[in-house]
Amino acid sequence: MGWNTWNHFACNISEDTILSAAKTIVAQNLTQYGYEYVIMDDCWQAPARDNATGAPVADPTKFPNGVKALSDQLHAMGLKFGIYSSAGENTCGGRFGSLGYETIDAQTYASWGADYLKYDNCYNDGRSGYPLISFQRYQNMSLALNATGRPILYSMCQWGEDQPWNWATTIANSWRISGDIMDNFGRYDDRCPCTSMLDCKLSGYHCAMSRIIDFAAPLGQKAGPGRWNDLDMLEVGNGGMTYDEYVTHFTMWSILKSPLILGNDVTNMAAETYSIITNDALIAINQDANGSPATRMWKVLVDGGDLSLWSGSLVNNTYVFALLNTSPSNQTVDIEFTDVFFDEGPAYQTGTYTLYDLWQKSASGAWGLTVGEATGSLPGVVVG
Amino acid sequence: MGWNTWNHFACNISEDTILSAAKTIVAQNLTQYGYEYVIMDDCWQAPARDNATGAPVADPTKFPNGVKALSDQLHAMGLKFGIYSSAGENTCGGRFGSLGYETIDAQTYASWGADYLKYDNCYNDGRSGYPLISFQRYQNMSLALNATGRPILYSMCQWGEDQPWNWATTIANSWRISGDIMDNFGRYDDRCPCTSMLDCKLSGYHCAMSRIIDFAAPLGQKAGPGRWNDLDMLEVGNGGMTYDEYVTHFTMWSILKSPLILGNDVTNMAAETYSIITNDALIAINQDANGSPATRMWKVLVDGGDLSLWSGSLVNNTYVFALLNTSPSNQTVDIEFTDVFFDEGPAYQTGTYTLYDLWQKSASGAWGLTVGEATGSLPGVVVG
Amino acid sequence: MGWNTWNHFACNISEDTILSAAKTIVAQNLTQYGYEYVIMDDCWQAPARDNATGAPVADPTKFPNGVKALSDQLHAMGLKFGIYSSAGENTCGGRFGSLGYETIDAQTYASWGADYLKYDNCYNDGRSGYPLISFQRYQNMSLALNATGRPILYSMCQWGEDQPWNWATTIANSWRISGDIMDNFGRYDDRCPCTSMLDCKLSGYHCAMSRIIDFAAPLGQKAGPGRWNDLDMLEVGNGGMTYDEYVTHFTMWSILKSPLILGNDVTNMAAETYSIITNDALIAINQDANGSPATRMWKVLVDGGDLSLWSGSLVNNTYVFALLNTSPSNQTVDIEFTDVFFDEGPAYQTGTYTLYDLWQKSASGAWGLTVGEATGSLPGVVVG
Amino acid sequence: MGWNTWNHFACNISEDTILSAAKTIVAQNLTQYGYEYVIMDDCWQAPARDNATGAPVADPTKFPNGVKALSDQLHAMGLKFGIYSSAGENTCGGRFGSLGYETIDAQTYASWGADYLKYDNCYNDGRSGYPLISFQRYQNMSLALNATGRPILYSMCQWGEDQPWNWATTIANSWRISGDIMDNFGRYDDRCPCTSMLDCKLSGYHCAMSRIIDFAAPLGQKAGPGRWNDLDMLEVGNGGMTYDEYVTHFTMWSILKSPLILGNDVTNMAAETYSIITNDALIAINQDANGSPATRMWKVLVDGGDLSLWSGSLVNNTYVFALLNTSPSNQTVDIEFTDVFFDEGPAYQTGTYTLYDLWQKSASGAWGLTVGEATGSLPGVVVG
């Protein structure tokens, strides 16, 4: 959990952008909810590496005090510091990439106090197309990071090419499963052309939020503690979706155990946005020790979208389920416990459960209002 | 034919689990039906290999007397002993895998008296994606097993990636064709997302039984004596299907020449379960010397499923055919001998045949009741 | 053009089978029509290579006088001799294959007087899956054949895997584009599961004749003099199709410039069969110096099949076109010269042409009856 | 921008063909519009390379004064000179290719004064099928060209195999995205069989113009200054399309930032053709410094085709949008600025804009007539 510069600021970043956000994160108590990584995405680099040593150099205009000074300040605030590069000749923003420079880059990031690396996939000179070539390219940085001796969370931003869920588990902490998210609920965009990520040859970008959920559906089986499917950074608060849509966004990212990385301008955040990203009930599910992403139990087409039921198991014999409606109108649906507890079997399917609505608050103001008990089914649930 | 710990016990295994099952197998005369391999699946391993030698070590708590002692007892009962590992860094259950340790592992298994190896595909570090890389990874263990001098049946559990039916024939005795079976007749599950295994990029698991039959349909042509398509272990007796569904399961596995490996708790088996798995008529077809899997002659869609005709040739000029109905309702269908004997040609298509129903018993109590003679066609057969 | 043992005799071959066929070919004047290669397909081999030299050895029972003697007799009759092997560990029939033995095998075939090699794809130990690995495997034999100094026509039977039309042109004379043909007009068979050969992962066999035509449609562009798409051997005369269907079969193979290799028992041939395979008008088109396969100009679905127009250019400003009806009933269709001469442009589209029906005979008994002149279109043509 | 011999003259080229075209280009002021490269496509080669040096040799009959003399004359006219070869054993026209001869060929082209290389993909001996093998094959020539020290624009004609948009950006100036264009608006042709180029295994040729637009839709995201998607050479003026269709062709190539390479016989050009290719408003968009291809914002099926909206951003806060109608009849459609300015966001979507029709001329005769102002939407636009 943390915050990243890209979704809101893209290439327009500087020491100030990052420190302002960091101060706000602390001031608004977001650290207490778990948001601790402050990640400097693409475009922090100078035009070229150090001529003599080949070491990476930060843009001296944007970062007049250097990256180490920035990192130190973040650490002093109790935050962790994330940095970005690409497993290619260039980064996606056209800066120098790390392909062939893994060792010196990892050493430099560690010397700067980095705690996290987002590692992108642009300009890889044909080093993709089958699992082994992608594995080795990303493994090179993994080995380099480990060799530094500093714990650095390794976040692969490889867009789901060549089935990373099969081979990234032993080298990375998380891997992106698709092209970049777009701040939009469900619009099809030609720049994200695949209907599935199982063998997509153009991950692209401008992938609407609910399309990424669809991509994630078969992949939950591959994730677990320390090895996560990354559905991309959050768009909550960036303005392209309604409150209900952002609630859906945050809910699904939480129960699918995607990293929760804020992507809005935290220094200028509506109360509504704040209330969504501080739903500690969903954050608890996201961080649940089981580490088991919810599974889509069924999906049916409805006018203009689809309706699906998701179910996941948590520690202490608790469970989470969600109904997702991507259509433009309200839908009424019966929920059968044979579906919710399909994996758990007959004993669970006939059990009696206390239900909590995690987007309502109890009298004490805590998320998770008790909404009754149920056995076997929930007839006629309305999903807005 | 045999029994495997996984489908019922998963990781909860021990010497006792295995010996109890073995004793029951002998006591209930299952050996006489052909069930002889007792296979210890994943999670038998200690947390780590032997520090000094790199040799595999069994979990001392679960197997206090060691694997050799267990194997000896199984052999003393007239059974054969199967063991499990994965062609990866780890096994699917997270134990140490055999990638890079093929020789010492094969030598150790042989020294323990293993007669069978199930060899899985998890955590293979990107060593998949095209036939040669998968072939070489699985060939390494094949060569290591052969080098031991001990006959060890080699059962590839590689989930059908990279078309093993084309290249496994010269290195293995059988190869899995799909993701793991689920104890369910036909429910679609997102965790088994492919509609065909010809080029599936996520074999997954939770594959319903009848979906695996569909996957197997084009692949019978690649199997034959000593080289089998493995449709995964049986779920008969595990509770997720009805009697009729398990009958279908056992029938299709038999005529498709899949290995018949029990996956239930044999120590606690209903009479109905016992009667299915001891249908010696179908077992005889499964073990028929021709080794020729039945072929699907046609398939038509019906409400909620499909209807298909399967036909296979056996020794001594006998033939087996089956009608498979995956829909929820009874279906009536005409069977033409031009379809049943399509491969055999006109002379067979107009022949007269004595028909046996292999799920009814004759007066003497043997499976295979004579139900009449027929020429050319069987009009209006009802399939429940 | 020639004759091959497989389609009719499969593994049941001997010196006698081949010499009897050869004598009949000569006696029935088939050589005058162009059939000159007599090809001994799989199963001619002894159980093992020569222990000392590694050279291939023929089965001494089937070929008591050796292959050289057989070849000499064929040459004495004015015929050419073809042999068979596989670019794998074994042949499809389980005999020793040539993978790793290319040099000694080519040398031996040349010493036996072979003029043609059919080179199969079975048991290739994972040496397939992308163009380069298949190219190199087949190139090895190409280089070995060329190194013998004897002209040996090189016929790749590689089933169309990995797009051979792109890379076989520089190493072979022809390449199969699909799995094996089945003696049937159009029945779908699960053993030939792909709907296109552009990226088929299981070429299989039991491919109905008209399905192979469909596979061939996009591939004509890749063929030309000395580099041919091979649609597999002819089934004319083997009994699985009607006269009209075999006429369609022979017509399409001819205009698509597939090698015309007889696959029936020529020693026992109906007059009808003889009349089809000796249609010298179509043979002339097949052998036309342009070497340009007909192109499918359109295809429309009709009840139970489809209707398509094919057009090809020949030397001397002549053209061939064909209407193919794969449905079970007669179809009436207008033929527009804008379609027939789409490639040739407006001047041709408005030209006036003399039409010949190549399945009717003129008064002199020659195939190719003049059926009139036409300009612009042929309204209401009936295709049976 | 320039002119190429292939689309009109194919292999029938000579010094005279090229000089005549060049003189016309200058005489008709096409240079002032930006057309400056005169490209000699395939079939300029002698039957063989120089025996002694291996250097490429031009056909002495077609080019009696040599290539250098031709190039000098072009340069003297203020034009640039383009040459052609193939990254294979042969060129597509069967001449010697450059595979393995990259250095000597690049050196020779540079010594001849070449400013541009079109580099084709035929006969590549299986060197394709995954990104790395294609990258390395095309990188070899890129390095060789750079090593000459002469600036030579590098135009990859690799037909879009293996996703060149991912890896060609660092080695080439442009890359073809599909098989060859056909001078036809939208007819489906079996020789261009893929429905998308994302993973097409047979790029083929005879790709109708509007099908190439469809192929290009998801790929604009990969292009930018100095790295372009090449939709193939223009067919404007070759006779296979109507005036309106050629207007569509030129419009879409312009806004998609495809290289504009004339393919007609410029020495015999209708006034209508001239007026299309000299639309300097569209040429300005094509050459706009942003280098940002238009994106397809939506596409809807209509009878016999589809209707789509394309939008792109230009320098100086100007934008271009186009409605494309591939159906045979006129269509009326509402255009919403929420779609046109989807990427730019709400502020733009509610802005007021001055609209120009780039196919009408102002009173002064310049392309780009002001057709009014609009805010929010354009109701009921008719697209012919």
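Before moving on, here are some points about what is shown:
By written order: A, B, C and D. Residues from 1 in each chain.
Keep in mind that, in the parts below, contacts are C-beta pairs under 8 Å (C-beta built on N, C-alpha and C of every residue); 3 or more make two chains touch, one makes a residue touch a chain.
All of these numbers come straight from a predicted model, not from anything done at the bench.
In terms of the distance between Cα centroids, chain D is separated most widely from B. Chain D is reached from chain A by a rotation of 90°, derived from superposing Cα atoms (nearest 5). The two sequence copies chain A and chain B touch through a face in which the numbers common to both fall below half of the numbers used overall. For the pair chain B and chain C, the distance between mean C-alpha positions equals 39 Å.
Between the CA-based centres of chain A and chain C the separation comes to 55 Å, rounded to the whole angstrom. Touching two or more other chains at once are residues 130, 133 of chain B. In terms of inter-chain touching, the protein chains here make up one closed cycle, each touching precisely two others. Only residues 130-136, 139, 162-163, 165-167, 169-170, 196, 198-199, 217-221, 295-296, 299, 345-346 of chain D touch chain A when the two sit together in their complex. Residues 89-90, 123-130, 133, 190-191, 193-194, 201-202, 204-206, 239 of chain D are the ones touching chain C in the complex.
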